[in-house]
Structure formats: C-alpha cells, structure tokens
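Letters A, B, C, D and E mark the chains as written, and numbering starts fresh at 1 in each.
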C-alpha cells in the first residue's frame, strides 16, 4: 500500500499529540476547546492521546524556544509514520509577536517539517478544525497525485 | 510491587500530557510515593522582557498580552497601570469599569477553564467537557465585547480600546443570569462529587504557615486561609467602589481552610460567583464618558516619549498577583520592564505540596496552583547551559544588587 | 471427531463475530459516552477506522525494549481473550440452543478466572518489557489492580457456585452451563435477592477494573503516566491490544450476563417462536443476549466511566480489597442464609 | 530380573556412588557418563515398576533375603521379620518424581557445576540423595525409613554447602545438618517406641496391631513433626530459605524433591501407619485433617507474603516452595477430614478430588519449582549475584531461559495451560465444597504468587540490556538448556494432558495412600 | 455524586451542544464536499470580530503608521510609484499577525479593515492567501531607490 492510500485511511482517525513549544497557552486552550462539546472534534475521529507513539498528527503551538527544541525533535521522531504536523497559531508559524528574541529557535518549520499552518493568535477552535479540513485535503491531493503517477 | 528499598527516578515533562505547558519535574519515586522533587523551568522562556525594550509602548501591550493567553488581560493591565503610574495618566472612570468587566469575565473563564483542566487531570473527562461547555458562554461574551475569544487586545494605556455598547448590555445581563442560574448546580457537581473529593481532599496541602513563608498568592494563598487579594489590598480600576468585596475563603461555605487541592477548588468556585456579581455591579453602576485618554496611538507614544520615571502596576490575575515595574526613559518604549507573575510566586509551594504525594497526585497538585509556566518562565539557560552554571544564594543576591545598581546608574533615578 | 471439527469451526466463527461485535459495542460505548457529555460523538464505526489506521501505521519497537516479549505480549493478549470469549459464550449458546457439545462440561468458572488474568499478565509483561518508566509504573499499577480485583471477583464466583451447588444438586457447580440453566434468582427469598444485588454491584465495579476503564484505568492513566502500559506501543501491536481490549470487554460483559441474567427468551415469556415449522427462538435468544450485553456494557462501563474520576491506585486497591470484598461477602452470606431464613 | 527391580533401583545408584571415584580415575567424562547411565537406568527401572504396578493392580512387595521376593511371612511366624520393600501407587508416584528430578538436576549440573576435584563428591552425593529418596519411598520398614532419611539428610546437607567459598553456604549446610539431625533423632525415638511395644519395624504389620496407647500418640508426634519440619511446612520452615538459596541451583531442584520425600513420609506415616479407618480405636482423622489444613493454609500465606518482600531470587523461590507445600497439605488435609464423613458421601463427592489435587501438586511442584530453580541458576551464572536489584535485561540474551522462567512462573501461579493449574483447579473446586473461604484464600495466594514472580520477571529479565553487569557471557551449555527444556516440556505436557497423568499416576497414588472405601 | 449522575443522564436526552461545522462527519471526499455542499455554518462571529485583514491599495497613502504600531512586525512596506511619486505600500503577513487591529485603528485612510473570516489555514505560511496585498505588490513593486528615502519626519 502506498503512503497516500495509507494516509487516506488515517484521515478518518487522526490521533493528535499536542506539544507546547513555548506558546502563550492561548492556542493550547483553543486546541483543548476543539474537543469540548461545542466543537467536538471526536466527530471526525480526532482525539488527543497521551504519548507520541499513538499519534498520527502533531499539534505544535508556540514559537519553539531554544530549550524545547531538542524535545520537539525527539517527540517528532517518536511518532510513527505516516505523520502530519500542524502548527497552530501565528507564533509557531513565524515567531509572531516574539520577533528578535534571543531565546527563539523557531519558527517550528526550522526544526520539523510542517504540513499545515493555522494562523491566528490564537485561531478559533473552528479555525483549527478548518486546519484539519486542510490536512484532509492535502491527504486527498496526495492520493490523487499518486494515482495519476501510477 | 517495586523494589521496595530502592527508589527510581521519574521525570515528567517537558512534553507530557498532564501539563499543557512545558515544564520538567524530576521526581525520586518509591513505589508510588514521591520522595524528592526537582523542577526545571525555562522551556517557554521567550525573552519577553528583552523584546519589550525593542518595542514602542503600544506594541508592548500586545507583546505582554502574549506572556500568557489564559488571563491575557492581567499582564497588559498591570503594564498599563505601571505606565499610567509613571506618566501620571488618569484613566477615565468608564474605562475603569470596562477594564473591570473584562478582567472579571476573564477571571470567570479562567476559573472555569481551571476546573475543567483539574477534572481532566483526575480523569474526570465529563466534568472537564461540561465546565468547558459552560465556559463557551463567557467566551462568546468576550468575543462579542473584544473581537476575539482569547488575547483580547482590549486595553491600552490610558483606557480601553472598545466601549461596551448599549446593545451589549442585554447579552451581558443574559450571560450573568445564565451563570447565576447554573451556579448552584455546578457547585454541587464540583464540590459534592464523591470521586472529586476522594482525589482532592487532603492532597497537596499547603499550610497557612507555609503559604506565608513561601509567599503564595492568589487562590492558592486564599485556600490556605491567607486573605490576600490585590483587588482588595491595593485596589485599582472599579474595585475601590465595590465595598462588599472580600477575599474568598473556604470559610464562606463553612469549611475550615485546610490548604489542600479541594480548598483551592472551593475558592475558585466562590470566586466565579464573585466575578459574576462584580460584573453585575459594574454594569449597574457604569459611569458615562470617555473610554480612553488618548485614542491616537502615535500621539500617545509621542506623549509618553517625554516621560522619565518609573511606575509599578499590580493586578490580581486569576492566579494571583501579577506586578509590573516599568522604567520610562524618554524613549518610544519602556526602557525596562520587570514582570512578577503569580506562578512565579506559587511555584515554590509545589515543592512542599509534592512532599509525600503519590504519582497519581502529581498532575492534580501541579494543576492546583493553576500554573502558568509561560509567564513564570523569566529565566532560562539556553544553548548547552547547565554545565556548572549555578549560583549560591549569596552569589545571586550579590549579582542582583549589582544589576540593580547598574540599572539605577543608567536610568539615573531611584 | 466430526463434532470436534464443528466446535472448532464454530469457535472460529464466534471469534470473528466476537471481534466484530466487540468493536461495534466499543463504537456504541463511545457514542453513548459522547451523548452523556452532550456531544455528537464519533461515528459508530469509529473503532473500526481506528483499527484500520493502526494496522497501516508504522510499528516502532523501542530500543530499550525486550523486543520479543514486547511483540509477543499483544499477540498473547488477543489469543487469550479470544479463548476467554469462546469459553464464556460457547456453553451459553449451547444452553440457549438446548443442544449439547463437547464443550459442555467446560465453561468452568475457575478456568475463566484464570483466563481473565492472562491478558492482564501479558499487558504487564509488555509494559515491563517496553522499558519506559511510564510503562513500568503502569505495569506495577496493573499488578496491584490484578491482585486486588481478584478477591471480590473470586468471592462472587464462589457465591454463585455455592448457589448453583444448591440448585443443581451438586452437579458441576462451577460450570457455566449450570449457571445458565439455573438462573441465580430462581427460588430466592427477599434476602437472597438482596444478596444477589450486592453481588451484581460488586461485579459491576469489577467490570471497569478488568477492562481498564475509568475509574480504574490507573494503568493507562493518560494524564498521569502518559498512557502507562501502552506508552511505547504503536501501530499493529497497539491495534492488537485494542482488539484484545474490545474482545475482553465483550467477554466480560457476556460473563456478567451469563452469571446474573442468563434467561433466554423462552425462560422469560414461555413462548417459542415457531414460524413455518421452523423454530426461530434461538435467533431471538441470541439477539436478546446481545441486547443484554449492550445494556450491561452501557451501565457498567460507559455510564461509570463518564460519571467518575479516576481513583488513585491506593484507593482502588482499598476499594476492592476492603469495601467490595466486604460487600460481596455480605452478599454471599445473605444468599447463604436465605434458604435457612425463608425456610423458617 | 524384573522381580528384583525394586531393590535394584536402590542399589544401582548406591553402588554407582561407590564406583564413581574409581571410574573417575580413568577420565572425568567416563565418570559423568557412568553417573548419567546409573540415573537413567534408575529412571527406566522406576518406569518399568510403574508399568508392572499398573498391570498387577496390587502393591508390589519385595522381601529381602527370602526364598522368593514375594514371600512375606517366614514359615512359622505370624509377623514379618525380614526387611521388606512395598511399592504402591503413592510410592511409585513419588519415586517417579524423585528420579526425574534427580536426572534433570544431574544433566543440568554436568556443565553447570565446574569441573574441579570436588566434582566427584558432588556426583556421589547426588547419587546418594537419589538412593535416600527412592529408599524411603519404597521401604516398608520403619528402621530402613530412618536409615534412608539419614542418607538423604547427610548427602543433602553436604550438597547445600557445596559452594563452600561463598560466605553463607557452610552455615546453611550446617543449619540444615543440625535440623536434620534433630529431626531424625526424634524419628528414631518414635520408631523405638514402636519397636519396644510391638517388636517390629514393619509398617504394614504395625498398622494392623497398633493400639493407640499414649506412647503411640507420643510416637506419632515424634515422627510426624520432624518429617513435617523436613518437608518445610510452617512453622518449622526456617531452614528452607537458607538451604535452598545457598545450594547450587541443580541441588536446590533436587532438594525440593527431597523435601517432598519427607512430605511423603508425613503422609505415609499418618495414613499407612496410624490411619486405620476400620477399627474404632483409631486416630482422630478429623483432628489430623484439620491440623494438616491449618498448617497448609499457614504455609501458603506466610510463604507467599515472605516471598513478596524478598530481593534474593532464590530465597524468594524458596519461600514459594513453602507456600506451594501449603497447597499440597491443604488438598490432602481436606481429603482427610472428609474421609471420615459418615457414609463417605462427601469423600466420594470431592474429598478424593482434593486428595488427588494435593498429591498431583507434589509432582507438579517438583517439576515447575525445579524449573524455576534451574532458571535461577542461570541468573546467578549471568549476574554473579542473587540480588534481584542487581539484575536486568536477561530477556535480551537468554531467550530460552526467559521462556522457561515464564512457563515456570505461570505454572506456579496456576495459570492455564501449565501443570500448576491442573492440580490447583482440582484443589480449588474440591476445597471450595469443603469451605469456600479456603478456596478464596488459595486463589488469592496464587495471585500473590503471580505478583511476586512478575516482580522477578521485571527485575531480572526486563529492563535495558546492560552488558556491564554480566559476569559470564558465554552461551549456555547444551546440558543446561536441555535440562530446563525437559522440565519445561513436562510442565506444559502435564498441563495440557492432566487427564492421563491423573488416571495413570495420581489415582493409584491416592488408592495406595487410603484404601478405597 | 448524584449531581453529576443526574447531569449526565439529563445531557443524554437533551439537545447536544455541538455545532456541526463544517460537516457532521468527515466527508468521504473532502475536495468534492468543499466544492459542492455548503458548509454547515460555524458559530457566528460577532460584528467586530478581528479576523482576516483586507487592504485597500487605492486608499493607502504609505504613511507607515501601521508598520510602526504593528507589534508582530507583520506589515512590510515596499516601494511603489503612484501618481508619479515615489511612495510605499504594504503587505501584511497573516501568519505573523496577532490580529490586534492596531493597524486598522491607526490607519488615517482606513485602508486596512478586518473581516469575520477566520479560516486561514494553509500549507505554506507565505502562500498568497496568507499575504494580504501580495497581488498588488507583484503588480506595482518597483526597485528600491539607491539612497533610502528618508521618512516624512
């Protein structure tokens, strides 16, 4: 089975592991909020798991500080393939408001490959869900590319 | 069934599901019992105080707002108060009331959020989902008033940026009624549930003496029977007008404070009610008038550019006292800011609380002071640090004194 | 010989059905849990999706682990739960069908007690073998749970068997068939019913502990020890554990039903469904059985796990070793005294 | 030839023991081969005896020095004077156990015990242990019983302190020796009481004429208590942990069997000598049974709780041996209590099962505990210590040992499909009919057993690979693996086909112990 | 104890709180779903929601006040020639923006406005959809002057 097909199967059941890479907590609580009854991300088979080994999708918030960099990298490698990385929030995407800080190693994509960026500071829970929709779309287009190639 | 004489190390964090923020605890564990605790902070240190020196007064508000997103009014509030103190700006009364309303709504959401997180930590997901479901109402309200659910961008030096328009009153009142109605029910669910009590009673005890000695602040201090509340002790905004405001205490519902996790929950539940009443009071007594001294940002910056001096701003964040000390030195932005965050004060209490606790208690004890590592992370060792970089208390004090002198010398005022 | 082959084929069929049903009930569980929490919840087939995904994911064997135990444990867990399922359900089906087969004398309650332990043991072995401190703590907790649950569980089993030995005249008191054909409630006075109620209550508390659900999911506590036992598992092996869990939950709730509510359709109504000369009661019985399993599952697992916080391991152990043991002994005593008192 | 098998089974190893030093002069390999041959031949003989017994049904009697071995009563006398061997189902059951265990232990120790000048003594002593065990299991003569017990004790205590360079080995051996000496002297006094009253040593004869005088009762105490002590039952178990843990692993395995030979003595004397259900003037079976039950439950519980806190892997296993002995006592005790039930209904219903469970457990225990001790030998070999805290990661290298350990641990915890389960379920289900609480205790002890073996499993076998703490890094000798393999096979096979074992071995054993009603 | 039990039973039977944005379940084909079916609406944003920024190229006069107040340095100025005068225009990097609306407020010509749109997720943080005013920049940007022109002050 090729990777794209696998991803397609995966997309109905995305288990997320959340890393706080030096965020201000706003994005983190909005991620948690997506699980609450109002938004209920479990509808899509999304759930937060407690260990990267179970994860399919890494939700990274925050700017990636120097000190956490190693840990983020380690967690990334602990996630079994295939995996997706979604950066939630502006500061993870671009360092946001913390430009010029000496403590930053970020943004996140300087450390691990990122698939979807969700701007906003913080994004609404629904914006995060929309980010997931984008991730599904990416998976689908990957599959199409693969089908076309073969 | 561990090897009962030997302890083993268990480190939790910095990426651990129990902590929504990166912090690393290293425990020495004997079976399930904790023998020794060590903490490592600094994973979210973002050099904010440093960055602030490169920004102008307006930009700094939004920077400080992102010290922590949970009570994102508190830091800008303390900052604004500090700058206003330094520059001698008098905030219009209406702005004071709006500030209070936003601050209290935020306290409400923050406490609900905390309750949910605490419930999640003890594995009670239904309660977590329920409190967060309730919380959506105040989030909607805040979104309506400020334009965003979190990080409200509401405060500015000399006032607030948005007024509470007449059409908002109805919705606000409705929200308050919603919470008043829910209060008893929610209190029952939180405070009378058997499993919650089993997990929280007599866990993570911080005695009154320890609370005093370790300078605990906020609900953590109040749960230990220490009546400490900046809103009452050093009132700002609309608080001086609210005569009935008292520090919450488990005594209010007839329980002697034991300083355990459960008491912290009681205090927070009581404060939710307090917040609702404060917002109600503010709505009823809202003065008319301007909401900001100077609405033009550029003009404001230019005004502040003329100021030389320093100011202190203190505000009771949901987690306790947050204090900002700002030095203005005829620049476009603050010459120096110093942040004292509530978790910074409370973190020392952790060591006492963890003593003799079980592994299972770690998350709930850690959560019980409602930690906000993001704002407490004022120092870090980056780039292959650790190696030999440690100071004794005396050395640290000497360094502090030297630094203080340096600052005094450069700023030229006391 | 031929009979044996039939039994084997039947068992395999049962197993496939059991896995399917187990996952399906897990879906119902998640759906109901969501409803209890005022949410829409995942689709009913979500467990299947999850499984499908896990099967295709990369499976990482941690460097520190003892690889062959790490790999073997989930397989053993699934195998033993499968045996457990067959062992519980097959005699009951025979009973419902009213026929006899080579497994008839099997379905021994004590064997079941031990079979119940094997998945837990393999989980523990797997957890210890994964070499992560979280998994180690989880495994230690699982050991404690395993030990403390055993006491009330054993008392319940013994109490039921005692009742059976009275009812069935001493023949095979431990056999599930005896249990199924002599519902425990028959011929009981009010005290016996009360005692039976206590036993039901005890077993209700044992269900989440045996299946590792809140409030007894200490071994996999997400917020404390990062999924504990399963912390290092991924991909296929995690899927196997998922399957084993689904099958075990099903088997245990089925055991619950057989122990306390074995009544078939005919037992309840006195009718047999005969359509066009064919007797369809059996089909109805099976349906009834599944419904009963789902009800027990919802009450004992779903409702409990949404209405409670996770207990600490010390509290859980105390609950089982003291409170529930007392409760079940009281239940046993009541059942024991019942004929004596009612007889007076 | 075939009719002389009973005495041959005892004399072959005995003579082998004396011949070995001579053979060793040629080459130590020759000695090894001879010893192996001797033990193997004993095994074959025991098996043949078993076959013959099952064919004939009645106990085999062998009279030494008579015209024909089957001639019991000399002309003109109405009681037997000659030394007599009597082999019934129980004897052969025990003999099989002992022979197999000694065989496996010997195979294990061929390479495991290093080849040095003292190895000779080791082999000889092992032979003598076999002689002692088989002798006391076969004999029908009280004095011979004493003699064989002495042989067994002396050879065992010498073997316990075989690793004399360890600090505690001589001490443990000495302790064992002292205890044995005390025990056997009391036994001798008891025997003397009998001889003084009835003028015979023949068990069967004594059984017929015993009058239960005060002296007889004192004799009972003098004889049964020391034997129970040597079997390692509570409260006289204190020697067990020391002896078991200090002896080299294969010796410990054999020691388990030796203790069971003493247990055999307890049962044999209380049933075949004192027990007389037919006559009125008899021992109170009810009391005897309850004493056995209480001892059993205590042994079970104390053994397992002590085991839980041990860090020394062999001590831990030793305490489990005590605990498991409790199961045997429990099973047999329940059988005894209900034996006297009026009408024998209860005995028919479950007493026999209890008895069978208890006796079956003897063999099972010898095998799985032997297996466990053998694996502990590998642990000691690898890590040079018995301290669990200093071991880790064995599963990374010794896969087969790990498997064997798992099999043994699951068997001792009574998890299907291993042999421990087969006997334990018999015990549970029958004991439960007698008293449900006892059954619950028995089950709970099993769970605790499991927990403590999980601890060993975690401590020694799991954890990261750590080469620094490995003392000996060579692959295991084939004999060691083979020995463990045999036990492992037996543990599994007896668990998978308990029916056959029960039918061909255990039932005759029970029949031999208690005459059918 | 009973309060929470009562609560969950009540919740089982009452209407669920969930807002089904964007669809109740994951659609079988997301691209088709997005193309054809209308999305279920999200929880409505309030009138003054601080969402995606819009930039009116024509209105802007290049005064750089927005750049000055932007805390995240999300606004970048580039040189253009408008009405034959050298001036500047801006682009806003949304992935960097904190949506504080300072720029909106400070702009003398109301050239920057905010909308209620929050669905901004993308695969590239600098993708055209996340850079406001990029199209105009591509059209109008000119090379910077040799000597950087001094600001008005």
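Just so we're on the same page, a contact is a pair of C-beta atoms (placed from the backbone, for glycine too) under 8 Å apart; a residue touches a chain by one contact, two chains touch by 3 or more.
Note that this is a predicted model, so its numbers are computed, not measured.
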item	value
Fewest touching-chain hops separating subunit A from subunit D	2
Chains in simultaneous contact with subunit C and subunit E	A, B
Any chain in contact with subunit A as well as subunit B	C, E
Pair of chains ranked first by number of touching C-beta pairs	A-B
Innermost chain, taking as reference the mean of every protein Cα atom displayed	C
Of all other chains, the one whose Cα centre sits farthest from subunit D	E
Inter-centroid spacing, subunit D versus subunit C (mean Cα positions, whole Å)	39
CA centroid of subunit A to CA centroid of subunit C, Å	37
For subunit A paired with subunit E, centre-to-centre distance based on mean C-alpha positions, whole Å	20
Where subunit D and subunit E are represented by their mean Cα positions, the distance between them in whole Å	83
Multi-partner residues of subunit E (each touching 2 or more other chains)	4, 8, 11, 16-18, 20, 24-25, 43, 45, 71-72, 98-99
Of all residues in subunit B, the ones touching two or more other chains	1, 17, 62-63, 66, 126-127, 129-130, 133, 136, 151, 193, 195
Multi-chain contact sites of subunit D, meaning residues that touch two or more partners	451, 454, 458
Partner subunit E, residues of subunit A touching it in the complex	11-12, 37-40, 43-45, 90, 93-97, 99, 107, 109, 115-121, 123-124, 126-127, 129-131, 133-134, 136-138, 140-141
Residues of subunit B that touch subunit C when the two form their complex	1-2, 8-11, 16-18, 29, 31-32, 119-127, 129-130, 133, 193, 195-196, 198-199, 358-363
Subunit E residues touching subunit C - in the complex, by the definition given at the top	4-5, 8-9, 11-12, 14, 16-18, 20, 24-25
Touching residues on subunit A, where the partner in the complex is subunit C	1, 6, 9-10, 12-13, 15, 37, 40, 42-45, 49-51, 53-54, 56, 78, 80-82
Residue ranges of subunit E touching subunit B (in the complex, touch as defined)	1, 3-4, 7-8, 11, 17, 43, 45-46, 48-50, 65, 68-72, 98-102, 105-106, 114
